[in-house]
Structure formats: structure tokens, C-alpha cells
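All chains are identified by letter, namely A, B and C, in their written order; residue positions are counted from 1 within each chain.
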Amino acid sequence: MNTTLRRALGAAAAAALGLPVLAACGSGGSDEADGGKTVTLVSHDSFQVSDSVLKEFEQQSGYTVKVLKSGDAGAAVNQAILSVKHPQGDVFFGVDNTLLSRALGKDLFAPYEAKGLDRVPKELQLDADRHRVTPIDTGDICVNYDRAYFADHKLAPPQSFDDLVKPEYKNLLVTENSATSSPGLAFQLGTVAKYGDSGWQDYWKKLKANGVEVVDGWEQAYNQRFSGSAAGRKAKGDKPLVVSYASSPPAEVLDAKPQPKEGPTGVATGTCFRQIEFAGLLSGAKNTEGGKALIDFLLSKKFQDDMPLSMFVNPVVRDATLPEVFTKYGAKAEHPEVLAPEKIAANREQWVKEWSSIVLK
Amino acid sequence: MVLDRPEVTVSEKPPRAPLSGSRKPRRTMRPTAVRLGLMAVPLAFFGVFFAYPVAAIVSRGLREDGRWQLGRIGDVLGDPATLHVLWFTTWQALASTALTLALALPGAYVFARFDFPGKRLLRAVVTVPFVLPTVVVGAAFLALVGRGGLLDELWGVRLDTTVWAILLAHVFFNYAVVVRTVGGLWAQLDPRQEEAARVLGAGRFAAWRRVTLPALAPAVAAAALMVFLFTFTSFGVVQILGGPRYSTLEVEIYQQTAQLLDLPTAAVLTLVQFVAVAVLLVVHGRTVRRRESALRLVDAARTARRPRGAAQWTLLGSVLAVVALLVLLPLAVLVLRSFDGPDGYGLAFYRALASAGDNGGTFVVAPLEAIGNSLGYALAATGIAVVVGGLAAAALTRRGSRLTRGFDALLMLPLGTSAVTVGFGFLITLDEPPLDLRTSWILVPLAQALVGVPFVVRTMLPVLRAVDARLREAAAVLGASPLRAWREVDLPMVARALGIAAGFAFAVSLGEFGATVFIARPDSPTLPVAVARLLGRPGELNYGQAMALSTILMLVCAAALLVLERVRTDRSGEF
Amino acid sequence: MSLLRLDGVTVRFGTRAVLDAVDLEVAEHETVCVLGPSGSGKSTLLRVVAGLQPVDAGRVLLSGGDQTGVPTHRREVGLMFQDHQLFPQRDVGGNVAFGLRMRGTGRAETERRVTELLDLVGLPGAQRRSVAALSGGEQQRVALARALAPRPRLLMLDEPLGQLDRSLRERLVVELRELFGRLGTTVLAVTHDQGEAFALADRVVVMRDGRIAQVGTPLEVWQRPASEFVARFLGFDNVVPATVAGERADTAWGEVPVPPDTPEGECKLLVRPGGVRLVPVAEGLACEVTGRTFRGDHVLVLLRPADGPELEASCGLRAAPEPGERVGVAFDAHDVVALRD
């Protein structure tokens, strides 16, 4: 026992002291990779792609893709901004329209016009002049409803922002804190877009009077409080309305066998705010060519077809095919609310502060 | 009367008072050199992986155009919102500490003095929450005090989004801190001292108050300060259970840094938290030093007996009831949900975990892989923590200068520092060769080790200090050089404490979530990160798998702690 | 050449000198006992020789070599600690073998030596026993064997028999003396027990407050304590101020006879209890008996004279008077010692 311990200690000491060596090796390795074999994608924790799709790209392009994930969308963007001088990778994916201005203002990205951009609707190309970022996916944040609840209570589910403040929907909605949750902020931005710079405050006062409940995160809202989700049913959720994604209903039936005729939840399509996620070539990227190839890949039909089921978002290219579960159970908002990124960047903090003092105090 | 009770006198001799202060500098050169040598690795570790990154991110916030913007400090501190946060942070921590002590002190007594079947297992189980990530605990705890939770079903009582939920969850997390710190000492207090007081005419309570309580007071103070420190820097619990109306400093720092990138405000708040934590550590250091006074300690195994009489059985019963309600129930709900599949109770979610990956990208992570990652990271973190913490403890063994005391406090600081501060600090400092570790796997265990080191030091130090210096002298006279004497005398004696320290570091790294989530790495998520990702996605299967994975995490932690229970030493430090 | 020499060794704790310019020599094969009350600095003396305690002034020489700067583990001395300090995690054999292992002695040789030493201290075959299971006397023997095993040039004993009971102590003292004689070991021991010191030592050093109060053979010290301090430390309490004139001294007890060569003038006189004879009241100093203490083969009688300090007299078991009786006291000149201060 004595000798084993001694040996173990020795090994641990060697490990600790060997750190600098190891570090040197590590960086040496990546320098070598500059030659062009490895391309690094920096993203948030939600980034996901099917193995087979990624493998195919690696085989065809000859690049090895390394994916780095760090925190949620906000944290990931901010980390990228902080390390703008020494970027961690070649491509960043996951900056959305609510954060875009901040990223562009800090010169995070280098211009690149991706192949296949012509297949993307113009209204999604928010930096069309300079092509510093490329739209990759969209996701709508909308109120979801629990079908069973409204059927049981013989009540029509709400369809629009205006509906939500009506007395028949009193105490039914749970949303997320704008200050801590990205869907929460998006929902608030939706109301700003809908009611204007000076009108949204009144709307929230009414919403508060109508008993809106605010929790800190999407997980709590959707998995604990919402009565329509599987987890929420188990947790005896008490709110039949929740701010979530337009793609949440398909997710609820994804694993059900056999698949039901109708999903347990639906989307109030008049309450949607559109988030567009972008990718961009990091300025200072070591492997520029590889980065460009990677962005092209993110717009390829293969990747765009894969996205709905791996990340629960909508593709941006016109030729992508949605999986059946999306078309059957999902909803498409015809006229989602949108806001210019510059406007969001300029007012975001003030809006969140105002919102907090109206809703939380 | 039990006369044959073997005695373990604290080998710590009453201070040979005249020794200090008399040595001439010439004579202390060598011990000081040795101490500095031992400190080199821990100092380098803390310098590079803590002080430098944190200082960098703070000064990035407070400097603009190459000038210090110290006016910012006043601006932020003058903001009523900041004061509100500071006030809430302080009072909830005070209230949590008081409540934890009130509920856990009887538990400490019961674990110390009573023998009952399953005690060892139970002691391991009550420690599980301490090392579980808050994401998991939040979900479990909501099931107890939240809507549709047990209290709601029975009496219609709901505590979520009230401050009570925060306080109770803090009790849940820190119950073990009190039971272990106070109970550990209590079990070793010689009951004959109380008996002596009884013989001298003191009533049962008077004997306890005049004999046991004073002996226990420093341990109680130490436990209280640890609980205060943990609750003062509470993050996940406040976010998940408190609802949006409650916010602690730690939550604000996270907000300002990760979400708003308002580094100036974050820097000021970080400094405020530093000051608060530093004050705490100074007070804590004082009580710990007092606690090391000579007490008559006996083998813990001999002081516990089966409860006798209605009063003792009632006490045992009520403590077990509190444990069941506050600790076991939330954990049980978690386990239950992991089995509550779409087709009734079964192993559906566990099977899904095992078969993940078959369905292409549907699953966020291959969950079994996460277990492997977690174990690998935790092992590496444990290795680093044991080496760094062990060397630091060895350097600190000989009490002495203010310098070493300061070093002691420095080692504790990471416990009071926001993970996001460290994580973002890494990002802007470790970005150039030879230290471009940002994307290296080693950064994760390094960050985890930062949290593990204080535990290693706290566990090892009392044991090392309890090794009689004269044993080392005996070895020296017999021809052993100082290093050899340490290896031959100290090491064998502290081997068990080292094992315990390693186990704790392991369990803590296993549950570490904050720093891990901010560190960009080639995708190899740990268990807590995987749980968080699964919870972040809709659909029954994801949620169920999160519960199943949490249960597995819980089991791994419990198993590690149970092994520790078997090797508990007589003096195993504060934890 | 002496094996150990201390030249003006001074150790200060704060402002207090625990050792104050101590000079001491120990010859080869000699056993020297340092005797003194607790706090007199005797343990510090051993620690200085072992190199465990740095000195503020002076030198320690072993076999003529200055030990300044030589660390403990290179001094090749042995030290038996007061409470033995056996290594709890090693068995008896492991403890005894420790010093040999540190010196790189081969395995076979170590085993042979351990066996030999355990035989020597009367614990044959105890190698595998746990030290926690040993009695006090056995621990003592193991500690001795451990200290002797590496053949130190100087063996130091700190209160070697302090914690043992009386009968065991008396037996062990004899054994130790016989053993050291046989092995030719040079020994420096410290103790607060005069009986132990006198039984063990060739030479006794009495210490007081960091200074040497008296050096001599046990007999010299016993017969002629140099000072009141030494006298009282040895247990002699019949001390009285006196003025010597010729073979008579004038004291509060009246006239006391003194040995012929006693210096004239003021001094203090010690009368050993054996030199206090009980006589009929009329024939000597009148005293009242205030108490009796049995001392095995004799009785110590406490006496209160009309004037001057109380007296102790040693007398036979049967001759001892009852408390309350009035007796007379006479003094024998050859049990009277004039003290220097």
C-alpha cells in the first residue's frame, strides 16, 4: 500500500509539474494544424449536428472539424467578443439578431459571401451589404398552449398578443425573465415590435394585471409550470400557456409511438418573434479557407435538412425539406414580429430595465 | 462506567510558547526556504489559474483607455439596485445559516452520539446534496416544495418563488456541512467530561451548556461560517427556486458578465464579493485557530451508543424525520421521475441513455460518454487538487507568519468567486502560447481543481498539524533527513486523510458545473453539463433522461462518499 | 578527550535564558545525569546536543568536532524521548530497525541487529507486535532498543523512567546501569528524580534556571550539597541561618556542632535528618512533634522548636514519638553541612 501510494503521488506530481510541457505540446499541435487540416467551429451548448452529416463534410472537404461549445448563446457570443484578438477558432455559429449588433460593433467577423446565399430569403440577410455574417437558421418564439386544457374548459386557445390580456386567459400564462432568459427577452422584443417603443409598457402592465407569471429560465417554465409538456404534466404544471419555441410541439411527439393524430400542444401563431441565427468567419481565423468551406457547409442542403431534428430550428434555405413531424405538428407563423438588430442593441438594456420595474417589482 | 475507553489524546501539545519569536533570522532561514519551496507549486497554480485571470477580467472592467476608472466603483455602489442585491444576499445568507444550524445541530448530535442501523449509509446520503449540481437539485427540490409537490398535495403549502424555498434548499445543501464539522468533533469529545460535571452536581442541561457547548462552540462557528460562505455566494438555488424577484451578488455577476458583457459593473460586484468573502475568511481563520486548542478527544467509535429512553428515541425519530423530509425526499422524487417513463414505471429512460447516438443527432450527447468524461475529468482534477492542496497543506503545517496565514486564505478564495469570472478570466489570459489552454481539455480539470484544493487543504491540515513534531524529531535523531522524516512519519499517518481529501475533491469535481459550462472545449460534456443540456430541450425523453442521468450522478457521488465513510479517520478535518 | 563538550551554550526564549552560558563535558563511556526541577533547562540541553534546538551563543563539540551547522540527522547521537515517541504505524521491529534503515544498513544485518537488541532489552521475538499494544515498561524497552540500534556515539535519555511505576523504575535503573556498563555506552540523561540520577550516573549535574548549580559524583553531591537550592532539591529541609565560630555555630536552634574545617562567619547550615537525634526534653532543644511520615524502613518525624524553622528527624520505627509529644533534639556534627549561599 505504501509503495502504491508513493507511486500514485509521484505520478500526480509529475502530472502537475508536466503541465507547462503539456500546454506547449497542445499549442504546438494547433499551430501545426494551421496548415489547413483542422477547422474549428466555436458555438453555444445547443449546437448539434448528426455525426453522419459532419463525417460526410469532413470526407469531401478533407478538413477535420473541431467543435467548441461554451455556455448558452449569450455567454458564447460574449466570450467570442472578449477573445476577439486571439479567437479560439475559425468560425462562430450562434449569434442571433438580438446580439448581432454587439458582435458586429466589435469587429468579431470578417466578410465572406457564402456559396448558396442566393437560396436564402433577402429579409433574413441582415448584413447583406458586407456579408460579415451568414444566416443559418430561424426559430420563432411563440406562446405554446396545452390543447387538453382548452378542450376541457371549452375555451378557444389565444392566438395573438391582444388575446393574452383578455380576462378569459387570466392567470394562465407563464413566461421567462427577460434579464436571464433568451426566449423571455425575445417575447418581450415581440411586444416591443408589435406595440412600439412607447406602447409595449402599457401592454405589459395589462399582462401583469392579467396574472402573467415570470420564472427565471425556460426549463422551469416549460418543464415545471407548463401543463402541456410531458415533463410539466409529471410535475403537475399549472399553466396552460407558456412562452417557448414554435418547434416545441413537434418535440413533444417526436418519441411517441405510435404518433398521435394531433400533438398535445399548439402554437399561438400571432405571438411570435423571429430569431435568426448567424454564422461568421472570425476575424483573425487561422484557417480562413477551412472556415469558408465550413460556412458553405452550414448552408448546404445536407446540413439544413439535418438541423430541424438536431437543433429544433427552421432551415433558412428555400430548398430544404422539413421532416414530417415538423410539418404535421409544428406551426408556421406567417407574420412573425421582427426588430432591427441596431435598434435592439441600442435599447436592449433600457428595455429590460423598464420591463423589470413593470413586471417584477 | 466505561473505564476501558481507549483514549486518543490530541497529540497537539500545549503550545511551547517561548519557541516562537525567539529564533534569530539566521536560524529560520532553512525552514522558511523549505516552506517557500513547498509553496512554489501551489502559488504558481493559483497565480496562473486564479489570481491572474480574475485580476485580468476585473481590470478589463475598471480600465478604459489605459486609465483606471475608479469612479465606476462609486457609481455602481451608489446604485440602489446594487444595495438591494447586497442587502438580500446578506440577509438570506444569515437566515439560511441560522436555519441550517437550527435543523442540523440536533442531527450532528444524533450522528455523533447515537448508534443506529444504517447510520454510515445515511451519513453518506446526507452529504450527496452537497456535491450535486444545482440544476439537478433545483428540479428535485421543486418537486418537494413547488407546485404539486408533496407539501402542496398534503397541506396545500407552496414555497417556490418565496424566499422560504431558497432557505430550505440551502439547508438541504448544507445540512452535511454542519453534521460533519460539528458532529465529527462532538463524536470525539470525551463524554466523561460531562459525566464529571454531573458528578459535581450539574444538571444534564447545565453540564451540556458548561462543558460540551464551550468545547463545541468553535466547531459550530466554523460550520456556520462555511454555510454562510456557501449561501452568500449561492447561484443556482436562487435562480431556480427564488424566481426572478430574488437575486444575489453571484447571480448579478453572472448576469453582468455572461449576458450583458457589462464588465465594469461585474468588476465592481466581484470586488464587493471579494471583500465580503475575505472578511469571512479572516473570521473563519480566527475560529479555526481557536478550535485547534487542546481538547481531550476519544475514539469516535466508542462514544456512540444505542438511544435509551423515550426522550432519546424521540430525538432520533425527529432528526430522521427532518432528514427524510428535507434531504431524502427530494432525492427520492428525482429517482422516481427517472423511472416514470411514458409507459408507466420502468427503465425506459435508462435504456434511452444507453442507446443514445443510434438516432443520429437527436440526442444532445451520448450520455454514457458523459459519465466517462466526468470520471476522467474528475480523476485528473483530483490528481491536481491533491498535489497542489497536499503541498500547500504541507507548507502550512507549521503555523507561523502572517504570510502563511494569508496564503491559507488565498486558497479559499475560489470558493467565493463566481465561476463566470474565472471562466471569462481564463478566456482573456490563457490565450497566447505557451499558455493557450483555452481549448485544451486540461482547463476543465484545472478549473475543477480550484474548487477541490480548499477541500484538500482543509481536510489535510488538521491531520498534518496533529502529527507530533517530536515524532519527526525522533526520526531526525535516528538519522532521517527532513524530507525522509516527512515521508516516513507524516505521510503514513496522513495517508487516510489524503484518501478522504482525494475522495472529496473527486466528488466535488464530479458535481462542478459553473466553471465547466463556461469553458469551451471540444465536445466532451460532463454529467452535470449533459443534464443541463437535456433539461434545456423539450420533450419527455429528454427530461426523463436528465432525471436518469441525475440519478446516476447521484449514485456515483454517493458511492464515492460511502467509500470515504469507510476510511474516515479520527481527525479528518472540517469536512 | 571528552566525547561531548559544551562551551558557553546559551539559549534564550524571548528575554529569558533557558540555558545560560553552560559549560559541560562528558567523557567517553561515562554516564552523566542532569538533575533539576522542571523548567531548569535540562531538556533543552539535550535538544541542543541533538541539534533540535538552535543555540544563541556557544558551541557543541562531539568527539572534538564543532557541531554548528550540522543537522540533527548527521550528528549520530541517540535520543530517547520522555514519552518514547514510538512510530505508531510501525510494529516493534519496524521501530527498532528505523535508525538502521536510515543509515542504509543491509536487510540481513538489520534483522540480526533488531533481534540482538530486542534480546538485550528483554523483549525477544517481539518484532511483529504493535507498539500500541505494549505496556509502558515494554514501550520503554523498545524506545531504548531503537535508540541503541544504530550505535550512537552518545545516547541521550530524557526522563527515561519518568512515567513508570516505582517498582518497575527501580528494577530498570539497575538494568540500565548494568547494560550501559556492559556496552560501554556514553550516556547523557536528564531527570528530575534524584534517586534515578544517583542510581544511574557516574557524575551528576544539578541545574537551576539554566545554570549549573553543582557537578560531582552522586556521593559528593549527596554528602556535600553546594547550596541551599541543591540541598532543598535533594529533599533536605533542615536549613537554618548560622554564624560559625570554630567548631560551633550559633543558630535559632541554639548551638549546633559543625565539622572541623567549616569556614568561619555567617552561612546557612544543613542538618541531614539522620543527624537529628531525639533525646529527653531536658537534654536538648525542646520541640513538639507535629507529624510523622513512614518511609518504609524509618520514620520521618516533624518537629516544631520554640524558635527557628521546623525540623525533620529520621528515627527507627519503634523509637518514633507520637504527635503532640514533647521531645529534645541534639545534632551530630558529621551530618551538618555548611552551605555556600
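Basically, a contact is a pair of C-beta atoms (placed from the backbone, for glycine too) under 8 Å apart; a residue touches a chain by one contact, two chains touch by 3 or more.
All of these numbers come straight from a predicted model, not from anything done at the bench.
Chains A-B form the pair joined by the most contacting C-beta pairs. Chain nearest the geometric middle of the protein is B, using mean C-alpha positions.
In whole angstrom, the spacing between the mean C-alpha positions of chain A and chain C is 86.
In terms of their C-alpha centroids, the spacing between chain B and chain C amounts to 54 Å. Chain A and chain B have centres, each the mean of its CA atoms, that are 34 Å apart.
Residue numbers of chain B whose C-beta contacts span two or more other chains: 492. The touching residues of chain B, counted against chain C in their complex, run 18-19, 21-24, 27, 468, 470-471, 473-482, 484-485, 488-489, 492-493. For chain A in complex with chain B, the touching residues are 1-2, 5-6, 9, 11-13, 15-17, 19-20, 22-24, 26-27, 30-31, 40, 42, 45-46, 48-53, 66-72, 74-75, 78-79, 81-83, 85-86, 88-89, 102, 177, 179-180, 214-220, 222-225, 229-231, 234-238, 244-245, 248, 251-252, 254-256, 306, 309-310, 312, 349, 356, 360. Within the complex, the chain C residues that touch chain B are 12-14, 16, 18, 50-52, 54, 56, 71-79, 81, 85, 87-89, 98-99, 102-103, 146-147, 150. Taken in their complex, chain B has these residues touching chain A: 41, 45, 138-139, 142-143, 146-148, 161, 239-240, 242-245, 255, 257-261, 337, 340, 342, 357, 360-362, 364, 380, 383-384, 386-388, 390, 420, 423-424, 427-428, 431-440, 442, 487, 491-492, 495, 498, 517-523, 525, 529, 532-533, 535-544.
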